[in-house]
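In the two complexes that follow, chain A is the common piece, with chain B as its partner first and chain C second.
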Partner chain A sequence: MYSFVNVHKRYGLRTVALRKLNLDIRQREFFVLYGPAGAGKSTILNLIAGTTKPTSGDLLRNGHSIVHLPPERRGAAMAFENYALYSHLSVAENLAFPLRAQGIVKAEVEERVRKIASVLGIGHVLERRPGFLSGGQRQRVALGRAIIRPADIYLLDEPIGHLDAKLRHKMRAELKALAEDMHATVLFTTTSNKEALALGDRVGVLNSGRLEQVGTPHELYHKPANTFVGSFIGDPPMSFISVSVEVDQGNCKLRTADGRIIGRMDTPPPTNATLKLGIRPNAITLSDTEMPETIPGRIDVIEHLGHSKIAVISAGKDNISVSLPAASPARIGDKVWMAVNSSGYHVFANETAIQRGIN
Partner chain B sequence: MARITARKLIKRYGAVQAVHGIDFDIADGEFVAILGPSGCGKSSTMRMIAGLETISDGDILFDGKPVNDIRARDRNVAMSFENYALYAPITVYENIAFPLRSSGMDESEIDKQVRSVADKMELTAILGLKPGALSSGQAQRVGLARALVRKPAVFLLDEPISHLDTRQRYRMRRFIKSIHQEFRHTMIYVTHDQEEALALADRVMVMSDGEIQQLATPDEVYSRPANAFVAGFVGEPPINFLDFQSDGDRAIIIEGNRIMLSDHHVSRLAEIGTKGVAAVRPHFLSLGENSTVKFLGIGFITEELQDHNEIFVDIGKTRVSLITPPNQRVKRGEAVSISINPEHLLLFPTQ
Partner chain C sequence: MLNQKHSFAFEVLRYGLIVLVVSFFFFPIFWMLLTSFKPETAIMVSPPQFLFTPTLENYRHALVDKNFLFYIKNTLIISIISTAIVVAIGSLAAYSFARFNVGDGHILFFLLSTKMMPAIAVILPYFLIFRDVGKTTVGATLHLGLDQHGALIVSYVMFNLPFAIWLLVSFFQDIPRELEHSARLDGLSRLQVLRKVTFPLAAPSIAVTAVFTLIFCWNEFLFAYILTRKMASTVTVGVESFFTLQGILWGPVAAAATISVAPMLLFVLAMQRYMVRGLTFGAVRG
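Here is the complex of A and B:
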């Protein structure tokens, strides 16, 4: 297990890369760091690899500080985003390099190179040099070189981010199966919502150097801790609308800016808090006539996504995304009434999620 | 505003031909996405429309008039690139005003135009900032605003949002769509991202190897792809391909399973011959024996994705993926049945 204890990381005087990070990466888990560019994902990898040091705080492996250890004694294997392959060696020799350095016999080296190349779909380019490969092939060689040898932890920095969509889809499944087979501990970074949810046993959501939430993909999607996680997990993204609360005999009604009831909660929210409702696009039912507890709107945009569509509906100052089946007859300009399914929305007070109770 | 026509359009770079004599017609005010992998000829095509590349052979016409010999700056075309090349030493306001100043517009009119476009692109609050202080999403909106403020007849966008995160991409898509709805330029959007193309465009031009594979509405390229390339390139998760052999003229065999075909498939099979590929979307496969046509497979991986699961299963030597409700899973190596409604099969000749 690797543990970050109150780790701060600054680059220079002003750039804060990580703020008070406390995080455990457990044995044999596939942990995904997910966040926008510049959130601090690569910094976390580099701290474990030993290519950079924390400004303050401690980093432990199985309870012992490793901050003072050189990179080669950290037990980490890393695939770099910029590949860092040996240009004068063939793909096979690049893959074999970490094994030869450990003195493994030739026949076994060849067997392992052949197997990993086959899993990664680069078996046919083993004799080529990196300069003669496509970007996607180079990325797979870099990934292969990182995972070919045993390591306490594999650090994979957006290892499939540069592949085309079809290959990324295929490699995602291969990587997950491979990690299971190897009983590997993996720390994987991505900016893709889908990769994070598909791969992670647990996912840490990072934003500007702050760890916003750690949980299983299911927890993050169904119980986002705050508006950032709510907006960043889920595709299409959650819509937010401002609401006010009206307490009526212990039953709290949530009203939109123009006074319509849109939801309810059991426990009153903190007084004077700014309240927002976060609504998933699949949690809204449209009708073309007014019903109780619906809000009116107009369809401004319709986006085709193949198997489904997204309608963007303006309601007063708010814009709300709604998922529709591909065959939906909805058209731009339609006036519609939106009902929010009671299980499909989240309430945030001052950007932090609060419990709604049983309603 | 302009209608754009290409006739036998060819682009050669030395001995290499990148665009092989394509024809298309884009209506005035239409929004067309040119979609394809890198090297398919999409950027060459767009750059010939913009006048940034010479036309090797054939013609491009704006409103029926050839523009082959008209310089880029005289075509009234605006272009926004992925690397939005803002002028670093001057403010956002001055960046947007720049194309207007060079056209000699008077100061009060410039101010009006800049503020109007800034308001639409939600840039009013950052007009005083310099490009270095902007987020990438903001910088892109400034790039778009600068292109828009010239009120071009044709607006070309080259992968403008491919590197943004999910939230920013949705937001930028809304901007681009609302710009089009408001100004009704003829808009051409070049991308390798099928989701962007489907979401934004009135019609999608799918290109591969310098040829147009299909030019049709998003619904048509998704539901009725013209060939196996289009079927494989459009759709997320990607469509599944399974090799088939014909068995008489009314049935096919896939991995040892005999499938009876309906009438429209029968005529299709007659065109294709004895061998081909059957394609089926992951949404149209289901776990279990709930249809007359089923395959035996071996479970590989289950991915849990927000409100559904994606399951990978090996049918013989072919790996397929299927979308299931969130409660369904397969274990590694587990024997499972996969059902398919044969109506949803698409048949293509082997590539």
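Here is the complex of A and C:
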């Protein structure tokens, strides 16, 4: 198990890459670090790899600090986002490099290279130099070089981010199966919502160096800790409406800016808090006539996803994404009324979740 | 059709310009080559002669009478040893500047600043230093005195090292750190990484730096002229020796110059492909 204890990482004087990180990565788990570019995902990998050191805090492996161990004694294997392939060596030599470095005999090296190349579908390019490969092939070589040898932890930095959609889908499944076969501990970074939810046993959501929430994909989707996680997990993301609360005989009603009631709360929120209602796209029902507790809006955009449609509806200052069946007759410009499913919304006070809906 | 005519005219103009520029740069070399085969009577005549009976007399004079190969040998010794030292020290220093930012840029700037003064400014101190060092036991053993190979080698290393480091720093900076990180994670020590990953990747760039350094050493005149008399004189000084009190021996000068230019010209032509690769060098990335 790897544990980050109050790890703070700064580059130079001003750039803070990680703020007070506390995180456990368990044995044999597929842990996904998910966040926008510059959130600190790669920094976490580099800290485990030993290619950078924390500014303060400690990093433990099975309870022992590894901060002072050089990279070669960290027991980690890594696939880099920019591939980091040795351009002076062939693909086969690139794949064999980690094995040769460990003094493994030639016959076994060749056998393992052949095996990993066939798993990754790069058997036909083994003699080529990396400069003569496509982006997708390079990425698979980089991935192959990381997983070719046994390691305590595999650090995969956006390893399938540059592949085309079809190949990415295929690799996602293969990677998950491979990790299970190898009983490996994997730390995987991504900027893709789909990859995070599909691959992770647990997912850590990072934002500007801060770990916003750690949980299973189910927990993150259904119980986001704050508006950032709500807006970042799910595709299309959660929509937000500014609301105010009205306490009436112990009953807390949520009102929109134009005074319409659209939901209720069990307990009153902290006083003076800025309240937002977070709504998942599938928690809204549209009607073309006004009903009680609905909000009016106009359909601005319709995205066709094949199996369904996404309508982006403007309601006052807010834009709300709504999931519709593929056969829905809704068209751009339609005026609609939105009813929020009573259990499908989350209430956030000052960006932090205080009441969670259940979808 | 109009467009085609236009582009034909454009092509003519383009190639015309290319020919003009190329002839401007190559004419001196061509004239040198021509003069080296001219009999003495045909050299300084006006108008200049393009047609004449070629002779090897100038080459005989330079090679046999003046023993010009002796200068070539000196130049080879001095240039090759200087280049080897410059590349060895330069690549290690450049790696350290590129990766660890040693001296926070100040040391690198100081090194470069030594190139900001004209060579003539330091030639007198150099002369005095080598004169005195040559008299010491260590200096004598290392041939560091005046008119000895060591003195010129040390001077050339001093003068070429800043440029070589500066050139190599940017090459090393272009090698992504992740390549080294990856090799470290695979179990190599820092020195093994240098030997197996970084230097093989930088090889084309190091070759380019070596070529430039070699050319600078080969063509240097001022230091060679001041610090040597006879025993350690290089080709540039050798050519100058044809400027005698009786007059300038243009024919032998041209022959000697051709002989001194030839090795470098052939060398650079042979290295051309490698040099272009080195100058446009970049590791594989996304």
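Following the convention adopted for this analysis, the second predicted complex is superposed on the first by the 355 of 359 C-alpha atoms of A that agree within 3 Å, B and C clash if a C-alpha of one lies under 4 Å from a C-alpha of the other, contacts with A are read in each partner's own complex, and residues count from 1 in each chain.
FYI, a residue touches a chain if its C-beta (ideal position, glycine included) is under 8 Å from a C-beta of that chain, and two chains touch if they have at least 3 such contacts.
What you are looking at is a predicted structure, and each value in this text was computed from that prediction instead of being measured.
*Asks:* Is this a clash or a fit when chain B and chain C both end up on chain A?
*Replies:* Superposition check on chain A shows chain B and chain C fit without a clash.
*Asks:* After superposition on the shared chain, which partner residues are touched by A:41: those of chain B (first), chain C (second), both, or neither?
*Replies:* Neither chain B nor chain C is touched by A:41.
*Asks:* When the two structures are overlaid on chain A, which partner does A:130 contact: first (chain B), second (chain C), both, or neither?
*Replies:* Only chain C; A:130 stays clear of chain B.
*Asks:* Roughly how many degrees, to the nearest 10, is the angle at chain A when you join its Cα centre to the Cα centres of chain B and chain C?
*Replies:* The vertex angle at chain A equals 80 degrees.
*Asks:* Now for A:221: first (chain B), second (chain C), both, or neither, which partner does it touch?
*Replies:* first
*Asks:* Report for A:88: first if it touches chain B alone, second if chain C alone, otherwise both or neither.
*Replies:* second
*Asks:* By residue count, is chain A touched more by chain B or by chain C?
*Replies:* B
*Asks:* Per the contact definition in the header, classify A:71: touching chain B only (first), chain C only (second), both, or neither.
*Replies:* second
*Asks:* Regarding the shared-chain residue A:264, is it in contact with chain B (first), chain C (second), both, or neither?
*Replies:* neither
*Asks:* Check whether A:236 is in contact with chain B, with chain C, with both or with neither, and answer first, second, both or neither.
*Replies:* first
*Asks:* Quick check on the superposed pair: does A:202 touch chain B, chain C, both, or neither? Answer first, second, both or neither.
*Replies:* The answer is neither, since A:202 touches no partner chain.
*Asks:* Can A:303 be said to touch chain B (first), chain C (second), both, or neither?
*Replies:* After superposing on A, A:303 lies in contact with chain B but is clear of chain C.
*Asks:* In the overlaid three-chain picture, find the nearest pair of C-alpha atoms across chain B and chain C and give that distance in Å.
*Replies:* Comparing every C-alpha of chain B with every C-alpha of chain C, the smallest gap is 10 Å.
*Asks:* Return the residues of chain A at which the contacts from chain B and from chain C coincide.
*Replies:* Overlap of chain B and chain C footprints on chain A: empty.
*Asks:* Spell out the part of chain B that touches chain A in their complex, as residue ranges.
*Replies:* Interface residues on chain B, with respect to chain A: 37, 136, 165-168, 170, 173-174, 177-178, 181, 192-195, 198-200, 218-219, 222-223, 232-238, 281, 283, 300-301, 303-307, 310, 312, 319, 321, 332.
*Asks:* Please name which positions on chain A make contact with chain C in the complex.
*Replies:* 46, 49-51, 70-72, 74, 76-78, 80-88, 97-98, 101-102, 130-131, 135, 138-139, 145, 149, 162
*Asks:* Please name which positions on chain C make contact with chain A in the complex.
*Replies:* Result: residues 176-179, 181-189, 192, 197, 200-201, 203, 283-286 of chain C touch chain A.
*Asks:* Which bits of chain A are touching chain B when the two form their complex?
*Replies:* 36-37, 164-166, 169-170, 172-173, 176-177, 180, 191-194, 197-199, 217-218, 221, 231-237, 280, 282, 300-301, 303-307, 310, 312, 319, 321, 326, 332
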